[in-house]
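Mind having a look at this structure? Questions to follow.
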Amino acid sequence: MSRIGFIGLGIMGSPMSAHLVAAGHRVTGFDLNEDALAKLTAAGGTAAASARDAVEGAEVVITMLPDHPHVEEVVLGTVLDGVARGTLLIDMSTIRPETSLAVAEEGAKRGVRVLDAPVSGGETGAKQATLSIMVGGEEGDFAAARPILDTLGKTVVHVGPHGSGQVVKAANQLMVGGIYALVAEAIVLLEASGVDAKAGLDVLAGGLAANRILDLKRDTMIAREFRPGFRIDLHHKDMGIALAAARQVDVALPVTGLIAQLIASGRAQGYGSLDHSALLKVVENLSGRP
Amino acid sequence: MSRIGFIGLGIMGSPMSAHLVAAGHRVTGFDLNEDALAKLTAAGGTAAASARDAVEGAEVVITMLPDHPHVEEVVLGTVLDGVARGTLLIDMSTIRPETSLAVAEEGAKRGVRVLDAPVSGGETGAKQATLSIMVGGEEGDFAAARPILDTLGKTVVHVGPHGSGQVVKAANQLMVGGIYALVAEAIVLLEASGVDAKAGLDVLAGGLAANRILDLKRDTMIAREFRPGFRIDLHHKDMGIALAAARQVDVALPVTGLIAQLIASGRAQGYGSLDHSALLKVVENLSGRP
Amino acid sequence: MSRIGFIGLGIMGSPMSAHLVAAGHRVTGFDLNEDALAKLTAAGGTAAASARDAVEGAEVVITMLPDHPHVEEVVLGTVLDGVARGTLLIDMSTIRPETSLAVAEEGAKRGVRVLDAPVSGGETGAKQATLSIMVGGEEGDFAAARPILDTLGKTVVHVGPHGSGQVVKAANQLMVGGIYALVAEAIVLLEASGVDAKAGLDVLAGGLAANRILDLKRDTMIAREFRPGFRIDLHHKDMGIALAAARQVDVALPVTGLIAQLIASGRAQGYGSLDHSALLKVVENLSGRP
Amino acid sequence: MSRIGFIGLGIMGSPMSAHLVAAGHRVTGFDLNEDALAKLTAAGGTAAASARDAVEGAEVVITMLPDHPHVEEVVLGTVLDGVARGTLLIDMSTIRPETSLAVAEEGAKRGVRVLDAPVSGGETGAKQATLSIMVGGEEGDFAAARPILDTLGKTVVHVGPHGSGQVVKAANQLMVGGIYALVAEAIVLLEASGVDAKAGLDVLAGGLAANRILDLKRDTMIAREFRPGFRIDLHHKDMGIALAAARQVDVALPVTGLIAQLIASGRAQGYGSLDHSALLKVVENLSGRP
């Protein structure tokens, strides 16, 4: 069992850290939110007074932070100064690959082994320990992290060198956002044409157009139920990462570029805290419907 | 068993008419291509000298034609004049809903019962009688056509009033085209970032981004194998139908509008006879890759 | 002076035909609308009882019709049967190039000389005889038509073979639609950022971004005054022509494809009878503004 | 006359600093490039050994740096620590508004008066002192800076509070990029249709589609001459700023989102050092032309 420092005990980090405690690890955590610290204590972990304290003496450090500025501040600014050579740093935040590469480089200078390991599966996945975890970094470090990551997720895959986890996460999010937009356009076309949308989507779900979003969400989308789930605001952040990732390696992604603006429109129209399937509202507003 | 007139004995119509013969129907067919007529004869059907002759005395007429001008010419120009009141006309061509509505209206004036019944599933689906068939028209006419359609396909669904079959087919094609573009953008991003595309797509296929195209085509796309399958040229035609369908009912489909141009680009760049998964070539050319 | 048959005496055709009368031509006109015929009579022309009558004995026939189906019906269906060999047929309707080519081809079979000559400049241009006229067809026929066209417009240009007039008109409309969308996005960005939009656009109008729309429309756009001018509904029709023209010659126009959907959105949201500068409303609605 | 510290003596900063020397100011400059320093000395300015030295004792500091990370490092990291209260800091770099706001805020804490003042007009404008300068910040500070800015540019406009200069520059760049794309699509459509592109664009330049890019660049674009001018690579950077500016204030810009990807495609295809009018190559490659 390992001594783990865990920074970022929010909606995702809280159940994740609890799973690690339950698996027998000694987990010391930090978060700016007092309630989050209390939850960790209640689960059997130890609350630290600062990020620096949380990682003091840790064999493994896990960070689960909102966005790249937080990672820059906490990891580059504090954590790397506070850990011993040989420590394994697993950054599970979803951020732009560029920052993951900077962290890995900075870690390498100090003998800290770094992995980027963003997840998909959301709050439910975190609670049920069924996350998909996409890991970028050295093979050996992945092997070392594997037992810990298996405690948190169901699908744990090493996808390539540093930053690769973020790139795969970005690819996932652009595809999910795009499929939502396509389902939305299909629904609007069907309804406006006087076709029973449910019957129509049932046919689509049985052919080459079949996809998980159609399976899971077509009924709630037709019913205009948009309880999150994964919020538009978060998907908006992720589309920014996808475009930054594309820019970083000089590729052009025209469909992603458009989808990013449609999701931005969702946020701008006040749907940011709805489920990302609410992209339907953006598309139907464009047609002055329903 | 019925006396069926079948017009359009091409790649799709040929195996479809043979299934009808095998099921015990008396099929009289017409096509401008002599070989197509010979095949029908060999299968046990009767070759007619003209479209008019083919439908003479038929209880059911099936048309399977390339595009709306052919339907206008053959159906509006000839067939409707040659059949008796009460005949059931099933147009299985993929055309714009507008034309299907015009055919239905013209049929109604003469007491001919009309269904639009486009299919998906391609040549393989036609040969194996596993097509998906999307049917628009009157409930009673659908019930009457059902036994015949069941001979040709596996999923046979009544989706709404006249033209609805075409609308559902259009929705299917816009979604399929869009998902191909998204998979293509994901592959280009992954490869350019030095990530193993196969490993990356495997992760995506296990999460919310999962879709049938990813399941069936990711290996051939990564290997750049684009044997059709369903050709870019045909998908280009179908995107034109999707946009015409949207225009008909005054809805705006921004993603579809862009995808239509990317598929047009595939055709313009000379990939028209490749499989529609060759949309990957359009996307990677945009990035000067591979 | 010529004997001119003029078909289509609407908002554009009415002042145009009056200019021809005033220039000394003998103009016989036809329109389905009685008031339109009365106006022509009042202006000194002759009202015909049918399109056929209007073109009987004409040396020059001018058609100014709403869209390609009308041209197909009136020109292909009636006019070409009613005129003598050697007649000059000038179709000034804005339609898809494909139809102009079909008319030219059909005319050639009967010895009728055909030009496509769509205009820009709108109602004002028609009234003031300051239209821009883009002409496709044979050089000699253009020379023959020139005196008549000079009576109607200020800029009269022969741009290429049959259909070229329509293509140039289509290029004009895609550019105008696109610039409106760009001005709209600039305004939304400036206003949302707390920048004085007028001051900002003034700077833009002084640099490389300068354009006539910015000159003529920025004040009314900022004031949200959208009296037509040229209606969204008509621009929607024209974007359909632009995309049809692109499809006809197998080119891909991604920006045009997107602009077409934004303009479709304007119509779908109920702004069809506003000026096309009301594209600003589509763009600002996307951002939940103002 | 003022004591001016000038940091960033590149293609733009070099002629600009020379103009200030010529106008009688005492200019002390810094750049990492030795040749740039030598040029300033030759022009009558003083070369400093560091950014810190350059701003020591300056009444006015001008920075002209490539992108926001440089501004963050040089201005936030060094300059603000090295200048006295009351100093006027004019940042003429083109960067995201967000960074300009951060600089202004940090300046305010230390009593330093800050303006963002990006320019357009390129190398030629810098050499001829005919730049357009868009200024954000306090009215009084603008008044103080005005005499200096008038030495550098022809159009000097105060457009709003801090960051506004950047927003207007971003609006300018999105419009310029978009108009290039539209001109490119028009050319491709005209040429593919067999229309004389020059004749066609001449007509467009005489109507509502008229714009400065058409005036200045249509001949070189038709001739495929793409000597910069303003490079695709720089426009690519600026489109990133435009999208960041939109994101900052939560607006959705669909056309800008697409144009950004087309320009990214230009860079990805290896046209980065060509003039931005080379967007034509991206558009024509999409159509497999010429």
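When the chains are written out, they are named A, B, C and D in that same order, and each has its own residue count from 1.
Definition applied: a residue touches a chain if its C-beta (ideal position, glycine included) is under 8 Å from a C-beta of that chain, and two chains touch if they have at least 3 such contacts.
If you want to know which protein each chain is, UniProt gives these names: A, B, C, D = 2-hydroxy-3-oxopropionate reductase.
Note that the coordinates shown come from a computational prediction; the quantities given were computed from them, not determined experimentally.
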Distance-maximising chain from chain D - centres being C-alpha averages: B
Rounded Å distance between chain A and chain B, as computed from the means of their C-alpha atoms: 38
Length of the line joining the C-alpha centres of chain B and chain C, rounded to whole Å: 36
Length of the line joining the C-alpha centres of chain B and chain D, rounded to whole Å: 51
Shared interface positions of chain C, touching two or more other chains: 246, 250-254, 256, 258, 261-262, 265, 268, 286-287, 289
Category of the chain touch graph - line, ring, star, complete, other: complete
Contact footprint of chain B on chain D as seen in their complex: 254, 258, 261, 265, 268-270, 282, 285-289
Complex contact set, residues of chain C against chain B: 240, 243, 246-247, 250-254, 256-258, 260-262, 264-265, 267-268
Complex contact set, residues of chain A against chain B: 97, 120-121, 132, 134, 136, 155, 157-161, 163-164, 167-168, 170-172, 174-176, 178-179, 181-183, 185-186, 188-190, 192-196, 199-200, 202-204, 206-213, 216, 242, 245-246, 248-256, 258-259, 262, 283, 286-287, 289
